[in-house]
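Below are structures written as structure tokens.
Shared between the two complexes below is subunit A, which has subunit B as its partner in the first and subunit C in the second.
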Partner chain A sequence: MNFPRSLFSAWNCIFAAALAVLFLLVVYPMFSIFAASFAGSETGVFTLDNYAQVFRTPFYLRCLGNSLLMSVAATLFSVAAGVPFAFFLTRFKLPCADLLRTLGALPLILPTFIGAEAWLLMLGRNGFITRFMEGAGIHFPGIAGMHGMILVFTLQFFPFVFLTVSAAINSVDRSLEESARNLGAGTLRVLRTITFPVIAPSIAAGGLIVFCMSIENFGVPTIIGGGIKVLAEQAYSEFINELGGNPSMAGALSSVLVFITLALTLLQKLVIERRSYAMSALRPPEVIRLPSLPTFAMTAYCALLLFLALAPFIVVLAAAVTESRGPVMYYGSFSLENLRKALQVAPRPVFNSFFLSTTASLIGMVFGMLVSYLVVRRKGISGYVLDLAMMLPLVIAGSVLGIALAATYNRGPLALTGTWVILVLAYFVRKTPFAVKSASALLQQVDASVEEASVNLGVPPLLSFLKVVVPDMLPGIIAGTIIMWVTTLAELSSTVVLYYGPWATMTIQIFQYIGSGDFGPASAYGAVLIFSVLLPLFLLNRFLGKGTMPLGNG
Partner chain B sequence: MAAITLDGLVKRFGALTVVDQISLAIKDGEFFTLLGPSGCGKTTLLRMLAGFVTPDGGDIRFGNASIVAVPPHRRETGMVFQNYALFPHMTVFENVAYGLKARKRPAAEIREKVGDVLASVRLDGFEDRRPRQLSGGQQQRVALARALVIRPDVLLMDEPLSNLDARLRMSMREEIRSIQKEFGITTVYVTHDQEEAMAVSDRIAVLAEGRLRQAGSPWDIYARPADAFTAAFMGDCVMLQACSDLSGRTCVEGMPLVLDIGEIPDPPFTVMLRPDWIETADGRDCPNRFTGIVQESIFAGAYVLYRVRALGQEMRVKAAAPGNRNFMQPGESSEFCFAPDRPVLIR
Partner chain C sequence: MLSRKGLAAAATAAMLSFFGAVLPAVADVVLYSSNQPELLDMVCKGFEETSGIKVTTVRLGTGEAMKRIAAEKNNPLADIFWSGDISVLEAAKENFAPYDSPEAQGLPAGYVDPDKRWTAGNTHLMILMVNTKLVDEKEMPRSWTDILDPKWKDKVVMADPAKSGSAYSQIYGVYNLYGLDGLTKLANNVRTLDSSSLVYKGTAEGEFPVGITMEYAAYRYIAGGSDAVKMVYPSDGTISAPEGVALVAGGAHPKEARAFFDYLLSRETVSEIFRRFYRRPARTDVDDIQGLPSIKTLKLIENNPAEANRVQKELLGRWRAMVLNKQ
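Right, the complex of A and B next:
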């Protein structure tokens, strides 16, 4: 397609509108807090004091150090857990491999802060395993702390490594290993000199996602951090603290956080991605059948890892129907009291969650469909700029984006702070990149000549898009919309910053109940959330087939 | 139906001029081919006719009306794409009916016209199939039917045969040619295959690096190429350097040159021959007669291709296969000649 025919053609208008929306909701707010970080807290004049304070105050340095330590450790452990998981499942014939693969993606879409809550239920100071061990005379200091955060991140994010690495393994034609063998290399040499180097960039790519997801996470450090402060959390505290609220300091901490993720993402784009060897494999590597002992060992490893990652959510489901009084859970008893409270006495958060994520996902669906078309089809700088603006939210922590939106739209003609609209806008901005990725992956396989044929036969461009392009993209659009919907339901970080009283969501309820030690009601909302997330994904897999992979949440 | 006039067309992509001042007049009902190596600008030119590329200069007219400002969906061109571009989610019938529906024709008329056009491409009975259930040749015919059914002013075809295997390509090009004659639609066809171009076209335009090298009938382009590029692109050639000898005669390596091709300039000049214009002399007394030593002989069924060392160079000679096994073998020496009206002067 050739665009510049008329400056006001339908697609040019859509392009301008999309760019304007992204400018208003991402670029401008981010620029504002970036600018605020250079303003003196009282004087308002340009200064580097805030950054000096970040890097000189031991407390802030500790936050930065904690963030980095937590994320680096989570990344290393995820790689250590995910690479064998991927390798075993793609290269060897294992029983129940399909089931293990499907379940393997599941931890990604289960809310991380519910995972954290579950570990507190098991191994917190009052956890049932802790108390059981204490009954047996073993003293366990509790899961809360740095080790708890790393554990939760590892178990929930290792699938990022698993998915990227298995995709990489399957995209390498088996002729590569065969020719190495043909040239005289033995199994281990092939592994060391061919297989591993070829998938190494994908390991790095998967690891990078784990790092970014961990460092921007807000809920897990708050719930299971045991008082250990990290950047994503501290930026929020600085912003929200009504008395000593310090927008400049919040801006500086946010900017440092965004800088870290942005730098790593650029590193990935410019260095790692260029070394990616993915080819369209005609024949993926052979699946090897090994004797029963090693086969059993590999299956046991995969199953155990999945058990550790998924069992906590079963604990939450159990806790939802367990009698409780504050932090004390009466295990073994059965009660629907918690669920009754959540669904009958206080159903508003449930309604809020569903209303907000449905609205945001529908807007995101239409917007994502149009943007993915422009990004894929529009060659040159304009398509690139749109793509960049669209993907920018991926490197911005939810709490940071929330702060940016709240600070930008708290007065003036667009005073949205304190309305439900701003929640929808935040969700829309944060989740639409997933819809765009999902739709453009399919669009890339639709040759441009298909819609040219339609135009040639007399149907105007925008109508041609609807008639012959959209039907081909439909599976991607549906999958993308469902992913937006479930991840929005589970969204905590931006909600915490932006919600106000009547618009509290399920995630907020869970978060607050955990904060006050009321694990019963927290688990009830958690159970509703887990089912709301799993059901659509189950249907999606059922009706659109496999390969519609869910993506992470913050 | 319409004659097409291209008037000084220019298209640049950045610093690169892909179509450079091309002017052509394509007659009403003509089968016209744009031929050239990849990157010569032929597809860009075709896409300018369809309206998918906007020219940076010049004019395009269908009949007398300039169509540069007409958007692609109102140009009344029917285009057959290289990869066919069939709509994968629609049946054959829906694909072919698509353009008629866009023109809001009544359902009964659509049914009748689609039936007719499918019959003329020999696909009646395939209405309810999906594109992926068809072979490459069938998909190709659906694409052709879809473009023809709207009775476009101009039919545009972008390398339509390049995705088919060699045997199918031969039969499809005959079919395309006969359907085009039957419908009488002005057709612009793009290909890089000179044999295909000669087989289907009324006239051919040879393009290179965005410029028009020569336009003419297949015979003109093959037997009377205007320059060395066209000569080489249209097939094997033998280039002979003609000089004057001491007595003032025009010679090639001492062999006096007899030419019957109109005005002859003063030497030195180059003449071009096709390997199939050189014959074995077989003892005949013919002009332009020379001796050569066979280096290699390749039997190709209908003909034998000899690599011959003669006139101070190596040349290829394509001779009809003999009725027995006794064609010349490497090392043999033989007499060759060519007719005075064959050679082409290359400037």
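Right, the complex of A and C next:
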């Protein structure tokens, strides 16, 4: 790439600043956790004992096994559910396809532990569907346990697969399939030799997100695990545990988690992403119209999957307007009391959520814009390093990163622990990868010669960037910003270890109410959260046109 | 254009949320507590009404709170801690400031630290919470001895004693009754959950047949009208675990914190807490409430906090080994 000298130096500063930010917010804090994992719990001397203990104690091995089983199963099921969903909706003419596509992203906005709680209310031992089935003479042992966790993760995370895969399907140029067909290949052969290889990297990318999100999650296992323990939960509780806890063990448990996700991410980057076929579809593949029976079957599949995935929403909205006495819910009797309390009596968490996620998303927007430009346009090792560093926060469990940040910025000139700033920083660094992904996907399709021409004509490099590049990236930036905003509103794992004093968010409030068994107030905040997220999602669809969703990996 | 209108609306919302978040008044007293949100809400509002002093609460687990208070020693962010077993407070007492509250004068011995660094305003009775949909009336356990029977293996849940002060007082009580042998049997039978709230919640929802938990927590379900929950006061002794209040040493608002301390221990407050939240008062001048047995009719086991602490490390270590190596 031939950067004019002046452009090179301006972007060089930004490059250095971006790396410094990632170093200060991710690499350096995480170092304390790795260091702790290699320190003897009594002596502080270098040792591998903590890891030995993880891999020797039956209890931890069981946790590790449960974590892997749970995440692998959730990933496979998400792929199995999400790929047909994406394929049916992008390639075939189905009634209500727009609506189905829009609803398809919705499960992402509900914090997973609320989903878990809602499923418990439906299919727990005392759930209303369970009781109904018992009444009909069908015995159902209840949803709590491994199958419950897998169900919740699958239904809440399959949209990651759906979104990445549909973006990929849409980027297959029609001419490819047409040529294959003209050369005499049958439909199945075209699927196998043309379509599948093109979307395979996206399936892997979507699956990887599902895996990382599942293995780091501790809210769902706590609520619906029925006593089945997983690593993320243990790592988290070792950290907050005063009496029997030990930071070395906590460090080792967290590090094991990070090693697993890091290894898989590197594998994905090195082996799979290399085989991806970069192409910008001039003509997206044709939408096939099939006879009514298969059309009906496909629509039914998509609708059923969505119905299951959105069932927790119905439960939460219904519970929000249900009368409750303490922890006991009186379904069928209507009351606005819980909603009134959430909005009138204790509105602070609502404000906090909006303030923190808006601030973090705006910072993330600017940062993401600059970084995605560098990642796409800077060839060679430096762009690659930045790309890797930027994806690092995705690999680290939110609670682990939160604890690392809290411990690092606890004292000294940068004493941020206990302020709202640290929450914003954690959200920012955790969510910006989404913005980078969605902005760089678009940027890859824009020819660099345009901005070079602008610079050569004498417009300063940053001004050229603003005037020439930013307008092209704009849809991706807006989409990425809204995704950051939405997922920050639903964020629990880092908030729970970082929030202080008056800075409790809606998610914290919901988590605590669910913890104390008060589902009424919890759902009231849940309902507020759902509606506050629906508005930007609606705007997103307006801005970007029908069915275009971010998170595509390009 | 709709999108422009939408943008304007979004911008307005963002601005409103900004001002909403920045404007609220600076709090006078900062309270760390693991108690349920409504209870905290009630006492904070009540105190603000009587004194004009605002209270900000940080709700977090007891273990976590102790960790934070210790970590913030040089720059305390909290003024007062409320909730948590007195043995936990006893263990961390160097972080608390002595205070001899006028409201603590009539309290029975054992409810006030000899050094006055903590005071217990109420006590938790450790009971067996039974889900009647899963356990027959005649099958119900009646005592700790019943719970130690192998037939209850994996059917009983309790919180992790290494994380929850109340759970530690449960195993300490059982240890006092039946020694290490009893503790081994208990460890073999129970499934430990990560927080005490998961115990009563899961038992009420029918996920677990029996939970070892606090009276107030189980009774919330009965008072709310649940027909699936029964409480058993073990016949071989109901463990009583006082819950403490303590001033954080070096807190920024000592005067206000002391006023709040007195308010929390006052007869009106503890009566109200008993009536609405079913937490047993430490004071003896409070009337019984309907639905709960008078404390005089129960056989109580009262743990000695200093002694409980002395053996804590040893006991928790043994417990940990018992649970970790349980196959």
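As a convention for this text, the second predicted complex is superposed on the first by the 438 of 554 C-alpha atoms of A that agree within 3 Å, B and C clash if a C-alpha of one lies under 4 Å from a C-alpha of the other, contacts with A are read in each partner's own complex, and residues count from 1 in each chain.
We adopt the following convention: contacts are C-beta pairs under 8 Å (C-beta built on N, C-alpha and C of every residue); 3 or more make two chains touch, one makes a residue touch a chain.
Everything quoted here is computed from the prediction, not taken from an experiment.
Using the contact criterion defined above for the overlaid structures, shared-chain residue A:120 touches subunit C, although it does not reach subunit B. Judged by the touch definition given at the top, the superposed model places A:226 against subunit C, while subunit B stays out of reach.
Using the contact criterion defined above for the overlaid structures, shared-chain residue A:383 touches neither subunit B nor subunit C, since it reaches no partner. After overlaying the two complexes on the shared chain, residue contacts for A:468 are found with subunit B alone; subunit C is out of touch. Set against each other, subunit B and subunit C touch different numbers of residues in subunit A, with C touching more.
When the two complexes are overlaid on their common chain A, residue A:459 makes contact with subunit B while staying clear of subunit C.
By the touch criterion defined above, A:284 lies against neither subunit B nor subunit C after alignment on the C-alpha atoms of chain A. Overlap of the subunit B and subunit C interfaces on subunit A comprises no residues.
Taken together, the subunit A residues at the contact with subunit C in this complex read 57-59, 120, 124-126, 142, 144, 222, 226-227, 233, 237, 240-245, 324-328, 330, 345-348, 350-352, 354-356, 358, 410-411, 415, 418, 500-502, 504, 509, 512-513, 515-518, 521, 535-536, 538-539, 542-543. Within the complex, the subunit C residues that touch subunit A are 2-3, 6-7, 9-10, 13-14, 17-18, 20-22, 24, 27, 30, 36-38, 41, 56, 58-59, 61-64, 66-67, 71-72, 74-75, 77, 88, 91, 131, 133-134, 157, 160-163, 168, 191, 193-195, 197-198, 200-202, 204-207, 220-221, 223-226, 228, 312, 316-317, 320, 323-327. Contact residues of subunit A toward subunit B in the complex are 1-2, 4-5, 447, 449-450, 452-461, 464, 468, 471-472. Residue ranges of subunit B in contact with subunit A, taken from their complex: 50-54, 71-79, 81-83, 85-89, 98-99, 102-103, 143, 146-147, 150.
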